[in-house]
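In what follows, subunit A forms one complex with subunit B and a second complex with subunit C.
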Partner chain A sequence: MNENLFASFATPTMMGLPIVILIIMFPSILFPSPNRLINNRLISIQQWLVQLTSKQMMAIHNSKGQTWTLMLMSLILFIGSTNLLGLLPYSFTPTTQLSMNLGMAIPLWAGTVFMGFRHKTKAALAHFLPQGTPIFLIPMLVIIETISLFIQPVALAVRLTANITAGHLLMHLIGGATLALMSISPSTALITFIILILLTILEFAVAMIQAYVFTLLVSLYLHDNT
Partner chain B sequence: MYILKCVIATKIEIMAGPETDAQFQFTGIKKYFNSYTLTGRMNCVLATYGSIALLVLYFKLRSKKTPAVKAT
Partner chain C sequence: MASVVCVFSSSFSVPLKEKKLMEVKLGELPSWILMRDFTPKGIAGAFQRGYYRYYNKYINVKKGSVAGISMVLAAYVLFNYCRSYKELKHERRRKYH
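And now, the complex of A and B:
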């Protein structure tokens, strides 16, 4: 039981070869690209969804920020589809790996920070000191703001990893408990099964919300720096 | 709802205009180091980083100068 609990988070291999790259690339083939003026229903729904999301997300940005539209839309689609695919039984979810989430969070956060320092150096530096701070609090607050800046990518990555990993672990545990209780007490097993159903519904929501939160936070960091 | 609030906040800011340094009139050292104007805040931040760098440099150089324990 203990070994099985964490087996789903191990690097997936097929005949000894790691196939994690293939698994990461897999969601992209589920999004066919529009190649006609009037597309079929699936592509039209996909286009409508992407346009709805991009309009809502990029409305707050100026022209400089809106150059990031493709990046942010790809990000939300990738994380959302990866998280949802991970809810299938026996599948591997790349977003449970902190290495992958750090690999997404750090370059995106750093990109926004460097953009801010390059285009609005004065405002980017002044950002470290909130307006109206009392004089004796200035050094402490500058240090605190610097630390909170550097915590941002770590928080982004850990938030996604923890949420998805915890959800998968819970499902695994409650599923195992349901199976074990079936032979002991079917009525308790039924209650546990209902809890498992509710948890699965929650995990569907969490999968999409976490993708949205990750992208929204990157978008907010971009907004602060453009 | 949150996105709507962001859009409305942005529109209000555009209508009201972002705060400018001109509305604050400081004299003396407060003109360059204050927590209200953009320049003042930037200078405070740079001064804080500079003092930390100087402190680190001081302790690094001091530890090099401190002689090693003499053998008896």
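And now, the complex of A and C:
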């Protein structure tokens, strides 16, 4: 049971060909581009959602930060759709791979930091020292703030990976337990099945929330640095 | 691929290369397949045609329903099942795997 618990997280290859690229690109098919003023229902729904999200998320930024709108909107669409597609049976979720999440988190975080250092150097450096600290605490606090700055991209990536992976693993385990209990005691299997349903609802929420949190934090780092 | 539709044709024979699949006779099928365009550009064109055929039939309509996108998702599930059949084979409830 241990081997096939983790088999769904292996990089998908078909006859030796890495088709993981195809699987990463699959959500783009589900978002057709709008051609007309009034589009079909699928595009209209997606347009409405993107406008709702972008207004809420980019409202706090100044005009310099709002140049990042396209990047952040495509980020939340990508993470949200990839996580939701991973809830389908037998599918592979690219966001369970730490490599991909690090590849998303580090460039975005580094972009905000470098932008902050380039445009507002004094203010960016001032972030390392909160106001009103006693003088003899300054060296230690600067070290702590530096560490907390460098941990931001790692935390972004690991948060997403761990949440999605843990959710998928839990569903595998509880599903397997339900099946095994069915022959022993159907009432316990029923309870376990209800737990599975609740967990699936949670996973749907988590899929979208994680996308939101990732994007929100990147935008927060951006806000600090513009 | 241009399909020649001869309604009032002086000559009743359409070249084999330009026939649609349903009009090809069974004996001509192998030569028809071999005459298709297998260059990368041709394959990309085939994918593009297939995509727009599905899109314009089920999604780009005035009252598209959930069936259009759920057929795509069902095909995705099936594709992933076929991809991981080798590992899933061992999880069946059989006496001898």
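We adopt the following convention: the second predicted complex is superposed on the first by the 226 of 226 C-alpha atoms of A that agree within 3 Å, B and C clash if a C-alpha of one lies under 4 Å from a C-alpha of the other, contacts with A are read in each partner's own complex, and residues count from 1 in each chain.
In the analysis below, a contact is a pair of C-beta atoms (placed from the backbone, for glycine too) under 8 Å apart; a residue touches a chain by one contact, two chains touch by 3 or more.
Please read these numbers as outputs of a predicted model, since none were measured by experiment.
> Contact-wise, after the overlay, does A:26 reach subunit B, subunit C, both or neither (first, second, both, neither)?
The answer is second: A:26 touches subunit C but not subunit B.
> Quick one: classify A:41 as touching subunit B (first), subunit C (second), both or neither.
The answer is second: A:41 touches subunit C but not subunit B.
> Output check: A:88 vs subunit B and subunit C. Expected answer is one of first, second, both, neither. What do you get?
A:88 contacts subunit C only, not subunit B.
> Once the shared chain is lined up, is A:8 touching subunit B (first), subunit C (second), both, or neither of them?
The second partner, subunit C, only.
> When the two structures are overlaid on chain A, which partner does A:60 contact: first (subunit B), second (subunit C), both, or neither?
It touches subunit B, and subunit C stays clear.
> Can you give me the overlap between the subunit B contact set and the subunit C contact set on subunit A?
Of subunit A, no residue contacts subunit B in one complex and subunit C in the other.
> Help me check something: in the complex, which residues belonging to subunit A touch subunit C?
4, 7-8, 12, 14, 19, 26, 29-30, 32, 40-42, 85, 88-92
> Quick one: in the complex, what on subunit B touches subunit A?
My answer: residues 3, 6-7, 10, 19, 35-36, 38-39, 41-42, 44-46, 48-49, 51-52.
> List the residues on subunit C that touch subunit A in their complex, please.
51, 55, 59-64, 68-69, 72-73, 76-77, 80-81, 83-84, 87-88, 90-91
> Quick one: which bits of subunit A touch subunit B in the complex? Just the residue numbers, please.
Of all residues in subunit A, those touching subunit B are 56-57, 59-60, 122-123, 125-126, 128-135, 138-139, 142-143.
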